[in-house]
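Multiple structures are listed underneath, in structure tokens.
What follows is a pair of complexes built around chain A, which joins chain B in one and chain C in the other.
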Partner chain A sequence: MDIKLLGVTKSYGSNAVLVSTDLIFKAGEVTSLLGPSGSGKTTLLNIIAGLTQPSSGRVFIGDKDVTALPVEERKVGYVFQSHALFPHLNVASNVEFSLRVQGISKQLRRQKAQELLKLVDLTGFEDRPVDTLSGGQRQRVAIARALAAEPSILLLDEPLSALDPELRSRIRMDLKLLLDRLGLPTVLVTHDREDAFALSHRIALLHQGSVIQQGTPEEVYRQPVSEAAARLLGPAITLPHTSGYSFCRPEDLLLAKPGDPVLFEMVVERAIFHGAYWRVSGHAQGQQMQADLVDVSDVSPGKRLPLKLKASQAQSNPSRLAVCTA
Partner chain B sequence: MSTTTPQSTSQAKRSALSWATSAIEVIVSWGPALLIVAPLFLLTLGAFSETWDSQGPRGFTLNAFSQAWSVSAKSAVFSLWIAATAALISMSLAIPAAYLLNQEGSVIARVLRPLCSLPVVLPSLMLAMGLILALPALQGGWELLLIAFVAQCLPFAIWPIATSLQLLDVGLLETAGRTLGASPTQRFFWLVLPNIIRPAAVGGLTVFVLVLAESSTSFFLASGEYQPFGITLYNAFQDLDIRVAAATTLILIAMLTPAVITLEVWSARSVRRKGGLNSELSTHSGASASAATQSMA
Partner chain C sequence: MPSILLALALVIGGAIVLPVAFLVAESFQSPGGGPTTWAHYLEVLSSKYYLGSLGATLLFCSATAALATLLAIPGAQWMAKRRSGSSLLRMLCQANFAFSGVVYGMLVVTLLGNAGVVSLLEAWAFGTDFSRGYVYTTGGLAIGYLGFQTPRAALLLAQALERVDPQLLAAARVLGATRAQRFLLVTLPQIARPLLVTFLAIAMMSMASFGTALLVARTIDIFPLLIYREFTGFGEINRAAAMGVILAICCVALEVMARRATGSSHVRTRIVKSSRISN
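And then the complex of A and B:
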């Protein structure tokens, strides 16, 4: 079942948090709402959930207009940033909560909870108090609890932000497998591009209350439609173009050898060794930039490095240097 | 002839400093306790003595207890009853009151929050006189005492619950409940209430302890028929039989002790069971209760 947002806006007084937004979340796809703090992504998620009423526009679940429907009747599965597990209930009772609300018998509730806990690899955790679980386990309980109500859409608000970096990359893969297995239309709010790349089929970039671009992770990364879109997904280098400008990424640059055409000379300011490459920061042609360089010996500050584009980026795949009109 | 090296001087200084620190620790930790324990010890000795005059308590008998009990039994039973009733009523009022006061963005809650502490700072005399003037028909009855006790102690029942509601982020739990389809009633009874029942009990017990030991308000509102224990104790000291007064004091302590121990055990058990966030809850609840019992003392 697809979820559609048509012309959705949200304002608080004269402060427009969300300007006219049209989005479609397709069945079986995970869409990330990626943007900096204050870009309106959580507002958008809450509008889909029914926790916030839009100032104008409509929200459809399938063909049904649910704009005026309260959250209790919307059948959305919402996984909170802090998981919001009920501290007085054990794992199974947390998962069963929505079934208890529906008046389903205890036996059926327990059966369903066991199925869901199996789905999220938490079999045997039924009677555990939730405050004894790890961050990853708590997240999976929150997902199982959201799924118990058989929602038509799954909403995840910054699902990995509460985890430390090491755990985060592991849980990210677990979550990816789980979301693929569920096949529900899923909307994920994040400000972390790695989360968005790893978990999503599509990414919608939000900037100052507007969806400025949407597409597959590779599309939005390689073909940004504006400087704001380019910079939301990491360091971007502006390349002047006859009819506007385009962008490349630090990994698209190479150290030019004698005789090679030089795109620009970067003056090194600092360099950090990352094992497989050096991330060199500096400036050239009036802009700050970064380049991920492999075959470089001297990266001392003040050194001038002649840089060129990788041949593959410059010639074999011209679409990767999409031209943006200013 | 003895020689003093710089090393031995330094050791002597360190030793003196350590001794002084230990002495200060003992004074600071045991001093205040002694201020309470010493009179209680003297009262205990006096309560079991045959005579107590200018030379102090002497001899051993239980006579003072039998005399004290004969004059205070009715008042003890009445005090236990009215304290339990006030505790139950306060708990019942405090739960919805704390819940309503915790509502974010509510103008009524914002106005009522500071008013909630008013009965604590209001002098007992003012409260008692106000109640007599407002409800003259109830003067001399237990109803007026009960109303006064509930009004005076309600903040002590509300505070632990309000603290736990804030620490739990009950708003988030309720929002989670909403996304799972729960109605407002289901959210209150299934999500909010189970999480505040322990602080509510701590608040109720605090009210029980406060009412049991109360004497100021009772002084104005008690009658011959309905006399709280605080007044009986006051009368015992007025009668100048200090042995009977001491025995009456010990009867009050015996009535209070189980409640105070239960209060401590509940707080400690909360810390052990919940840990983390809920330990903070019980610490706050416990702190609130301790503050109340201290203010009573």
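And then the complex of A and C:
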């Protein structure tokens, strides 16, 4: 079942939080809403859930217009950033909550909770108080609780932001496997591009309340439509272009050998060793830039490094704004 | 820091410990400065009149405090959610502290006394006089008590309700809970302990006050009122002191019992923190 947003806007007084937004979330796909704080990501998620009413526009779940439908009747699964587990209930009771409010018998509730806890690999945790769980476990309980209502769409608000950095990559992979297994249309809010790349089939970039680009992770990374879109997904270097400008990424640059065409001569300001490469920061042609260089020996500050584009990125092409099409 | 602690100790000592010590010492004194005696306690505890008054007071104050705590919930929620008019409501509740029990007694007499507004309206509209003098019944006394208990309970509860994580309520909504289910299944368990604390605070406050009872109590002998009469009317200072100590002990016992009763039900209050969660 697809989810459609048509011309959705949201304003608080004169402050426009969302500007006319059209989006489609396809069945079986995970779509990330990626943007900085204040870009309207969570507002958009709350509009889909029904927790916030749009100022204008319509929300469809399948063919049904749910814009005016109360949140209680929308059948959406929502995993909150803080997980919002009920602290006075144990794991099973949290998972059963939606069934309890529907008046389903205790026996059926418990059976369903056990099935869902098995799905999220938490069998045996039924009677545990939620405050004894780890961050990853709490997240899985929150997902199981959201799934108990048999939602038509799953909404995840910054699902990994509460986790320690070292846990994050492991939980990210667990979540990826789980979302693939569920096959539900899923909308995920994040400001972390690694989360978006790892978990999503599609990414919608939000900037100042507008969707500025959407596409597959590779499309939005490789072919940003604007400087704002390019910089949302990491360091970007502006390249002069006859019909405007384009961008490349730090990993697209190489140290030019004698005789190679030199794109930039970067003055090194600092360099950090990352094991497989050096991330060198500096400036050239009036802009700050970064380059991830492998075959470099001297990266002392003040050193001038001649840089070129990788061969695969250097072929010239198009008139449209795209990464490394200079 | 030590000087602050010293100042605090002096204030507590001067305002609470010392007077209580004198009160206890006074309660063991024989009239006219005779030897130390338990006589005043035995006198009170063996008297049907005093014990009956004590029991009725505890029951009446507990019952009205419980009712006031429940009645305060809607207003407290209104204030906690900062809905329109909540500032005015908070101000009115706070103004309640400026009114003594006697003033509440006067207000309730104005409303439900022999020539009260309600009585006059009833006579004018129906030609009957059922509500005439209602203020002097137990029900009328209860209305007087509820008048000063409910706003105070609302202020105390509003603070607890403000701390209930709104995301828990949003989560319950998304999971399909109706407004009533959200209150019963999410809010109420979150404020169970504050509800108890509010009930106890209001009950204690009621047991200590007698201004309203002074004006309108005809059916119940409110114990603090008896203490007042012993002290000012009969000059029985030692007996009044013993009665005061007994009332204080009863209040503490009530609190301990209430806390024990609810402590076994695994009521937990917690503010969900959005801090980082480690594995």
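Side notes on the structure shown:
By our rule, the second predicted complex is superposed on the first by the 316 of 326 C-alpha atoms of A that agree within 3 Å, B and C clash if a C-alpha of one lies under 4 Å from a C-alpha of the other, contacts with A are read in each partner's own complex, and residues count from 1 in each chain.
In this section, a residue touches a chain if its C-beta (ideal position, glycine included) is under 8 Å from a C-beta of that chain, and two chains touch if they have at least 3 such contacts.
Predicted model only: the values in this text are computed from it and were never measured.
The superposed arrangement places chain B and chain C in clashing positions on chain A. In the superposed model, A:V8 lies in contact with neither chain B nor chain C.
When the two complexes are overlaid on their common chain A, residue A:V76 makes contact with chain B and with chain C alike. Contact comparison for chain A: of chain B and chain C, C touches the greater number of residues. Of the two partner chains, chain C is the only one that A:R138 touches; chain B does not reach it. Of the two partner chains, both chain B and chain C are touched by A:F86. Judged by the touch definition given at the top, the superposed model places A:S98 against both chain B and chain C. By the touch criterion defined above, A:M289 reaches neither chain B nor chain C.
Overlap of the chain B and chain C contact sets on chain A: residues 49, 51, 71-73, 76-78, 80, 82, 84, 86-88, 97-98, 100-102, 131, 145-146, 148-149.
On the side of chain C, the complex with chain A involves touching residues 165, 167-168, 170-178, 181, 185-186, 189-190, 267-268, 270, 272-274, 276-279. The touching residues of chain A, counted against chain C in their complex, run 49-51, 71-74, 76-78, 80-82, 84-88, 97-98, 100-102, 131, 134-136, 138, 145-146, 148-149, 162-164, 167. Within the complex, the chain A residues that touch chain B are 49, 51, 70-73, 76-78, 80, 82, 84, 86-88, 97-98, 100-102, 131, 145-146, 148-149.
Listed in rising order, the residues of chain B touching chain A in the complex are 168-169, 172-173, 175-183, 186, 190-191, 194-195, 274-278.
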